[in-house]
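Note that subunit A is present in both complexes that follow, paired respectively with subunit B and with subunit C.
Entry: the complex of A and B
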């Protein structure tokens, strides 16, 4: 099992995916950093004012990256890991490994999850670093630990959504359709959560990774039954479909 | 020349790109139709309905969708290993390049066409009426201007694709372009008028806010962007090695 995951990482070494993951962690915090620099906002004098402004900025960066970047980037990563076996015609080699297909599938799945954790880690690090460079203060330790907890919640909920792009990539054997799925999902989530997390938008499983930010930082209420129900149903249905399809699919 | 374009369109026939273009054009109309039906909103005027629909369309969806289309048309020669075939045609590389560019432009026009038709159709289903003809003429006129502005910025993703020979980097360019469009469509900085990426957005908004937006800067920057990126593209496409 460990060998399979290692070989997946070795396959990624010469591709653009690692750079893409690094970049997508930096893009929103970098943009906010540059725009704040250019704007020359009036100096916030007192320390408490600055700290509360900073906390607002951190929440904004978290929320914006989860809304606009993550869905499309993660479906790109998942689709790339699964579909390049078909586009590079290496599926024959892969299925001749002396490992069961389920093991290969989970190896790829764990690689995807590791890249997701990597993106989140980069995003949190660059957020705090850029804001510290700009304002010279850090928020309180309580806020930082709460923020890390919220981010871990969001990561776990992202894992639950990953089977959807994986299934699409396996069925179409192509990288385009998963990207379009991510794009349309992004737009839909942006519209659903644009005005805050109301009860209707919690029915859509694609909003799951963003709900923690709204719940903990903005105080929007969450219906635990709906959220956990949609999470469990989405994950189990798509995971079963994925595993069934991956074990039955023909090699060509 | 006609043969090259025909041949490019034939290559697209068995791929997912034409359904993707049609879905990309219709998606927002379907979503807004569904939300209006679910939430039972009170009657909107056509201006409100279509402006609510166009902003996410053009800011978030289209930059990535069009760079995906451009990336697909150019990069599949490399991923399918058919570039060695296409460069042995008895046709110069510039003609092949222009043929591919026209194909991309046709796909973009398809997206815009589907968008306009689906907006009118969905509004008619919701409210059983259509806007008056003067507004429609104005709307169509500015949509065509916006389409031309999209043609002006499409060489940038083509250049990114040809340099990376991959479909991933054009998508990343699309994400960056979306972020840039989001920032530059506001009124935050002076330089916003000179960003060529916002030209399509500004032309669409001109329909709804007739006298607020001055478009000279956008048009100029769009044309400059087209000429420069086109020259670099053609140079790169001519000098490129066959892999």
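Entry: the complex of A and C
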């Protein structure tokens, strides 16, 4: 398994996907940093005001990244990792190794998850760094700790959604359709969460990775039964479909 | 000598299309097995089934005297392959591509990368990105990858595609060398008959999914028919004379103004005399033996003999 994951990372070397991951991790924090710099918020003079403003900014960046960026980018990453064997015509070699298809599947799945963690990490680091550069202070330790926990929750929920774009990529064998799925997903999530994390939005699995930000930072209530049920059902169904398709499909 | 590969009634259907039907293939250790067939005959489908890339609809595959199955994928470690197109990760160098293969094959020795590049004659391009390679270079790299883990059995699907004549010769010599010095068994699929003729020890001819014939090359040479090759200025008139005046019916109009007579070989001079006396110009008249191409075309029904 180690060799499979290592090989997946070697394949990512010098590829555009790492640049895309890096960019997507800092695009929202970077944009907010630049716009805030241009606005010159000199009115926030007291430390308490600045810290409170900072915390609000961090929550905004977290939510905006999860709402507008992650679904598309993670679909692209999953599609790239899973479909590139067909676009590079390396499938004949990869699936002829003695390592079974399931091992290869999980190797690729773990690599996808690792890139998701990488994007989150970049986003958190650039957010704190840019805001510190701009405002010269950091939020309270309590807030940082909560924010890290919320991000970890969001990451884990992202993992649960990954079988959807993976299945689409494996069936279509390209990256376009999964990106379209990501775009449509973003539109749907935007519409559902426009008025906050209401009960209806919790039924939609695509909102799962964003819900922790609303719940912990904004205090929106979450129905644990609905959310857990939605997460478990989505992951189980799509993961089983992925594994079935991956093990049965003819490589041509 | 034991069998490296045996298939038992191997069949593959793609919905209603029958790609391979009841294929029984036998490859012994040390063979260079030429797998011949036209484009779309079922060669690549057969190879894909052997390598576990597609599932056979029915039938069995035996590799190294063991039944090939999902539970027995370790057998694939003893096989090297290059199927259809030498696919590589274009943004990586040749060395990095081979490094991935080395890891996936569980090879400990890092020197095997350089060794295989040397054998394929491309040791100078180890650090060059594959996207800058020509198709011929990719073919060589594909062979380097196939032999990197010292396989006992090499499956090469159209290995000379995209190679220039000198490249084709080098690959042929490389295959013969690997077979003779390292005892590697080969399965080489091709539709270029002249290539296979120069290396194969055994021939399998597949046509429309069916393995029409499997024959040792020596046996094939013995079996190939001898004929009088006659080039004339008017094939219709010549065929009329052959039938009416010489009572010859076992002949073929091979190409325009080129006939092949399969009987009365000892009467070549008499045939010559009669054709000339009937105002036909003879450009060539000699006794020859069927080539692999002739045999293939006859077997696949692409040449219709006058004699039924």
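Descriptive notes on the structure:
FYI, the second predicted complex is superposed on the first by the 251 of 252 C-alpha atoms of A that agree within 3 Å, B and C clash if a C-alpha of one lies under 4 Å from a C-alpha of the other, contacts with A are read in each partner's own complex, and residues count from 1 in each chain.
Rule of thumb we're sticking to: a residue touches a chain if its C-beta (ideal position, glycine included) is under 8 Å from a C-beta of that chain, and two chains touch if they have at least 3 such contacts.
On a predicted model such as this, the values are computed, not experimentally measured, just so you know.
Judged by the touch definition given at the top, the superposed model places A:144 against neither subunit B nor subunit C.
In the superposed model, A:174 lies in contact with subunit B only, and not with subunit C. In the superposition on chain A, A:156 makes contact with neither subunit B nor subunit C.
In the superposition on chain A, A:18 makes contact with neither subunit B nor subunit C.
In the overlay built on the shared chain, the residue A:241 is in contact with neither subunit B nor subunit C.
When the two complexes are overlaid on their common chain A, residue A:231 makes contact with neither subunit B nor subunit C. Contact with neither subunit B nor subunit C is seen for A:117 once the two complexes are overlaid on the shared chain. Judged by the number of subunit A residues each one touches, B leads among subunit B and subunit C. The intersection of subunit A residues touching subunit B with those touching subunit C, taken from the two complexes, comprises 15.
Contact residues of subunit A toward subunit B in the complex are 15-17, 20, 23-24, 27-28, 31, 35, 38-39, 68-69, 72-73, 76, 80, 87, 172, 174-177, 179-180, 183-184, 186-188, 190-191, 200. Every residue of subunit A that touches subunit C in the complex is listed here, in rising order: 3-4, 6-7, 10-11, 13-15, 84, 88-100, 248, 250-252. Remark: subunit B residues 15-17, 20, 23-24, 27-28, 31, 35, 38-39, 56, 60-61, 64-65, 68, 72, 79, 164, 166-169, 171-172, 175-176, 178-179, 182-183, 188-189 touch subunit A in the complex. Interface residues of subunit C facing subunit A in the complex, by the touch rule stated above, are 48, 51-55, 70, 73-77, 79, 81, 83-85, 87-92, 96, 99-101, 103-106, 145.
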